[in-house]
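Okay, so chain A shows up in both of these, paired with chain B first and chain C after.
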Partner chain A sequence: MTQLLKRINLDHITPLILLGGLSILPWIYYHDYVVHLIILSLMYAVISITWTLLGLTGAASLGHSAYFGLGAYFTIFSLKYWGLVSYLAIPIAILVSSAVAIMIGYITFRFGIAGIYFALTTIAFAEILRELFIYYREFTGGSLGVFVSPISSIGYFFYDSKIPYYYTLIILLLILYIYLMFSRQASKFLKILSAIGEDISTAASIGINILKYRLYAFLWGAIFTSLMGWFYVHYLRYVTPDVGFGLGLSVYVALLSIVANLRLPYILIASLILTPVGEVLRAVVGYQFAGLDVLVYGLLLMILVVVRALRKR
Partner chain B sequence: MEIYLFLQALLNGLLLGGLFIVLTIGLNLITGVLKIINFGHGDLIMLAMYITYWLYVYTAYSPLVMMPTTAIIMGFVGLIIYMLLIKPILRASDIEQLLGTLGLGVFLQGLAQVLWKSDYRLAKIYAGSIVIGNIYISIIQLIVFVISLVASILLYIYLMRTVKGVIIRATAQDPDMSSLLGVNIRNVHLIVFFLSFLFIGLTGALLLSMFPAYPTTGIEYGILAWLIMVIGGLGSVLGSFIGGILIGVVYSIFATYYSVELARALIFVAFILTIALRPTGLLGASARV
Partner chain C sequence: MPRENKKMLSVREISKSFGGVRALRSVSLDIYENEILGIMGPNGSGKTTLVNVITGYIRPDKGKVYFFNKDITGLPPYEISRLGVVRTFQIPRPFKNMTLLDNIALSILVSQGLQDINDAYEKASLILDKVRLGDKKHLLAKEISDIEKKRLELARALGANPKILFLDEVLAGARGDELHSLLKLINEIREEKITIVVIEHIVSALLKISDRIIVLDQGSVIAEGKPEEIINNSLVKKAYLGEA
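This part shows the complex of A and B:
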């Protein structure tokens, strides 16, 4: 117990306090749009946190949206064509995206594809999937995407109110944070990942199996991202190849991670600030200045990188 | 009939390949000499397309006539970008360079959307086509092909035959040694950036004479340029020639016989195979310019 207390500091507690605050917010103040914004922020936070696990090892995946798309599309296939209930679609989404992640991860890490080549390869995989999903249009709805009609019965995760979605994400994030911050196993895992990121040859020389740990980190990302794809389909009830496999989502989760300086607790804060700002910019000034949110994100990314580089010198 | 279809596909592929060469060459110069990972390339081409369109609207000259103006404007844009963004991150890690230039790309997309809205801007030139036997050759495609080939060959001669070209190649091979021998690295960087952005401007004007401009059009061109560069060999100008023609022909033949989506997927598969099996590209390292 004392050891546990010793490891706790403000960083560890901040996300928990934040999530606790968010969980009582709808009781005090309820507004549909605010809840919607928070749901989106939490969703991006989950993806970005698991993206960061691989990011810690010094590999930036820019095809992360592929898992989101796979999760979303296979959920829709399960519901529409295979007649499964929502909760049975979860293992399918996870299995498919894990299989793809293991394949991509094995090919890239096995051949020592690193840095920029890794980023390009992940983009290429996401693009291949996108082209295939557009090509088989009788099954996937082509580039227009596919809708799913909500079914409210036992075993289905469709609700008219936003509250169930809201609390699902809060609980998921709480579990994720508590596991990553306080479990001994996870803390060792995170240390190993950072060690790989700091100096890959030293890490290899002290006996860390780089391939294994990078694959683990990649798999974490794939599983949680596809889970968010499943969530997205139930929440917004449609998906298009551009949302599912496009570069936008991948870049956005990378941006959140960079803004938080690759530190897990701050990603939640970054997402809770940036996502609503982006959405509001799109909604409020979207008439005259569509694209202002994209402009701000790009500017932010550039400034962060330049400031980091200047500070290092 | 069958043979005509094949020849038509082959010819279209060649013409497309010429465009791919000029699309890749600007990126290739920067990567080869500055060792900068530029993920904003596609969006810079998009900016060049919009600048051409803007000139076209205000002067009513066709994109091909305004091409030199666009190229020079983009050259100066390049110098500004070098000063503000590239210079601070010259020694940063690959990933940081990637994210920084990606930020530039995203910023330009947003800027284009704010300034010019998301509508398609079209300045397409209609010039008919030449018919030989059963094969149609679009005149505008032919002109674009000739311009891009001539420009690329001029660049190649500049790099291989002039003193400045030798200095640029020396800097690409070993910046520290060239610096010791009295080469002003910063000037070389500026020249290379200017040259590279001339080509980006050129590409933008050529593309606008055939395709519409819209804010996210650059993503596709950027990814394509990267794929061709990696397949041809990083930093190898000759690799751009071979990679560009190869990808153009393969793409065109596949798109003719199967489908456009599968042809695009095939390019990505070829890219992954190249990275896995021959990371230096077709003409890496040994044939580097």
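This part shows the complex of A and C:
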């Protein structure tokens, strides 16, 4: 029994207990808005965990929303213009995001763009995409965005009810993701990413190919974030350039990761607390104090940065 | 003696300047299998720059580095490390927020491409025992003393499966028993058929341990020979003491 207790890792068990509890919650107590908040929280948690992979290597992307936007828009293009079913839109979304991630990742990492310059490059990249998607309005709907009409047929993932469909899918995706993250191979992968973040020179001295692993982290992030774009479009049925490529989403997923101290299981907890706070602030006082949620997130980020700086002294 | 052994690594006419400062001036040298080579020289003589060039951290302006006759000039550090040319750093650079065991296991996992994590941890444990850090293996690297970090540097480098090991001032700061113990450890490593290059500016330690010594001054090789030859070399005396 003692041996068993020793082998239980809190980092592994906490998210599984949380997800286990959440998976039965709506069948015990159902409130439509609460379920909506949980779905959004879990979606942001997935994006933030993918952001953290690259964050572990010491590269902070502030353009992570780009993959969400590409995933969302190319899902809508697949459904609306190319007549594909929902499930065929998944590989399209992933392929486009992956190709873009490899291109941007290779250019930035190959030429050693790091630190603040990497963050600025990624912001600029997401911003270029935002402008492009506003400009080509005949396809993208311009700044108003584009809507998709739900299709109730085999091969499509559109439902009127949140449970079990959207709710169960996002929980299953998160469980799959956490399972992948805690596999033995992933544990080695995460250690390598952390090693790069701690000291690039030392990491190289033991044979770690920095460019390759940073690209892996970038690519992994692009794949799962574009998948969340696909999910978002099916759940809310629209996307705008500001939602898809905006700085807000990039900063928010970075904030969740920083609040959780780059520890993957705690990102889930951070999102389950902060996402509802932001959404409720927007819903309750948004008409009087527009942007109050962003102000709260910004203040929180500032406090965290100051606390970290004081601790390091 | 080393000269009868196979040539392992050759440096040919390496030059490197930083702005107006010529850190290395057409340096050539050979390193033989299973020897302990000492590289010494006063501060600023180009010792660490030479290690940085050999291990791929700095590209030379001119010249070539060969490892078993393969040109490795300009290869990235990770590729050179995987060939078996491994280094430590003058100022220890461990993965501070990992345990000592994690530091070494990661080195083993990456360099040896092991899939079995348990196997890597067992090997890491043995290496930590060898460098006398076995009782601290579960501590974070940032929690150990500076001199212990030097041992950890050595352990991490051993984990990377070296054929040739560059120890950049690993003896600096060690005194008395600690110095004796480190010298003993370096000899033990040599017994595992690993070639060792010890870079130091402390002459006495190098004389004790090296089969052969190369002396650098102002970026040039000014002397090469057995320790007893080096100690009586007039150019070496001049470089260190400013007298002929």
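Annotations for the structure displayed:
Criterion: the second predicted complex is superposed on the first by the 286 of 313 C-alpha atoms of A that agree within 3 Å, B and C clash if a C-alpha of one lies under 4 Å from a C-alpha of the other, contacts with A are read in each partner's own complex, and residues count from 1 in each chain.
FYI, a contact is a pair of C-beta atoms (placed from the backbone, for glycine too) under 8 Å apart; a residue touches a chain by one contact, two chains touch by 3 or more.
Predicted, not measured: the structure shown is a model, and the values here were computed from it.
Bringing the complexes onto one copy of chain A puts chain B beside chain C with no clash. In the superposed model, A:A204 lies in contact with chain C only, and not with chain B.
One geometric descriptor of the composite model is the angle centred on chain A: between the Cα centres of chain B and chain C it reads 80 degrees, in steps of 10.
Judged by the touch definition given at the top, the superposed model places A:E131 against chain B, while chain C stays out of reach.
Between chain B and chain C, more residues of chain A are touched by B.
By the touch criterion defined above, A:S187 reaches chain C but does not reach chain B.
By the touch criterion defined above, A:A195 reaches chain C but does not reach chain B. Contacts of A:H31 after superposition on the shared chain: neither chain B nor chain C is touched.
After superposing both complexes on chain A, the closest C-alpha pair between chain B and chain C lies 12 Å apart.
Residue ranges on chain A touching chain B, taken from their complex, read 58, 60, 107, 111, 113, 115-117, 119-121, 123-125, 127-128, 131-132, 134-135, 247, 251, 254, 258, 289-306, 308-310, 312-313. Across the complex, chain A meets chain C through its residues 184, 187-188, 191-192, 194-195, 198-199, 201-210. Taken together, the chain C residues at the contact with chain A in this complex read 55-57, 76-79, 81-82, 86-87, 89, 93-98, 102, 106-107, 109-111, 117, 156-157, 159-160. Residues 37, 84-85, 88-89, 91-100, 102-114, 117-118, 215, 219, 223, 226-227, 230, 259, 261-262, 264-265, 268-269, 271-272, 275-276, 279 of chain B touch chain A in their complex.
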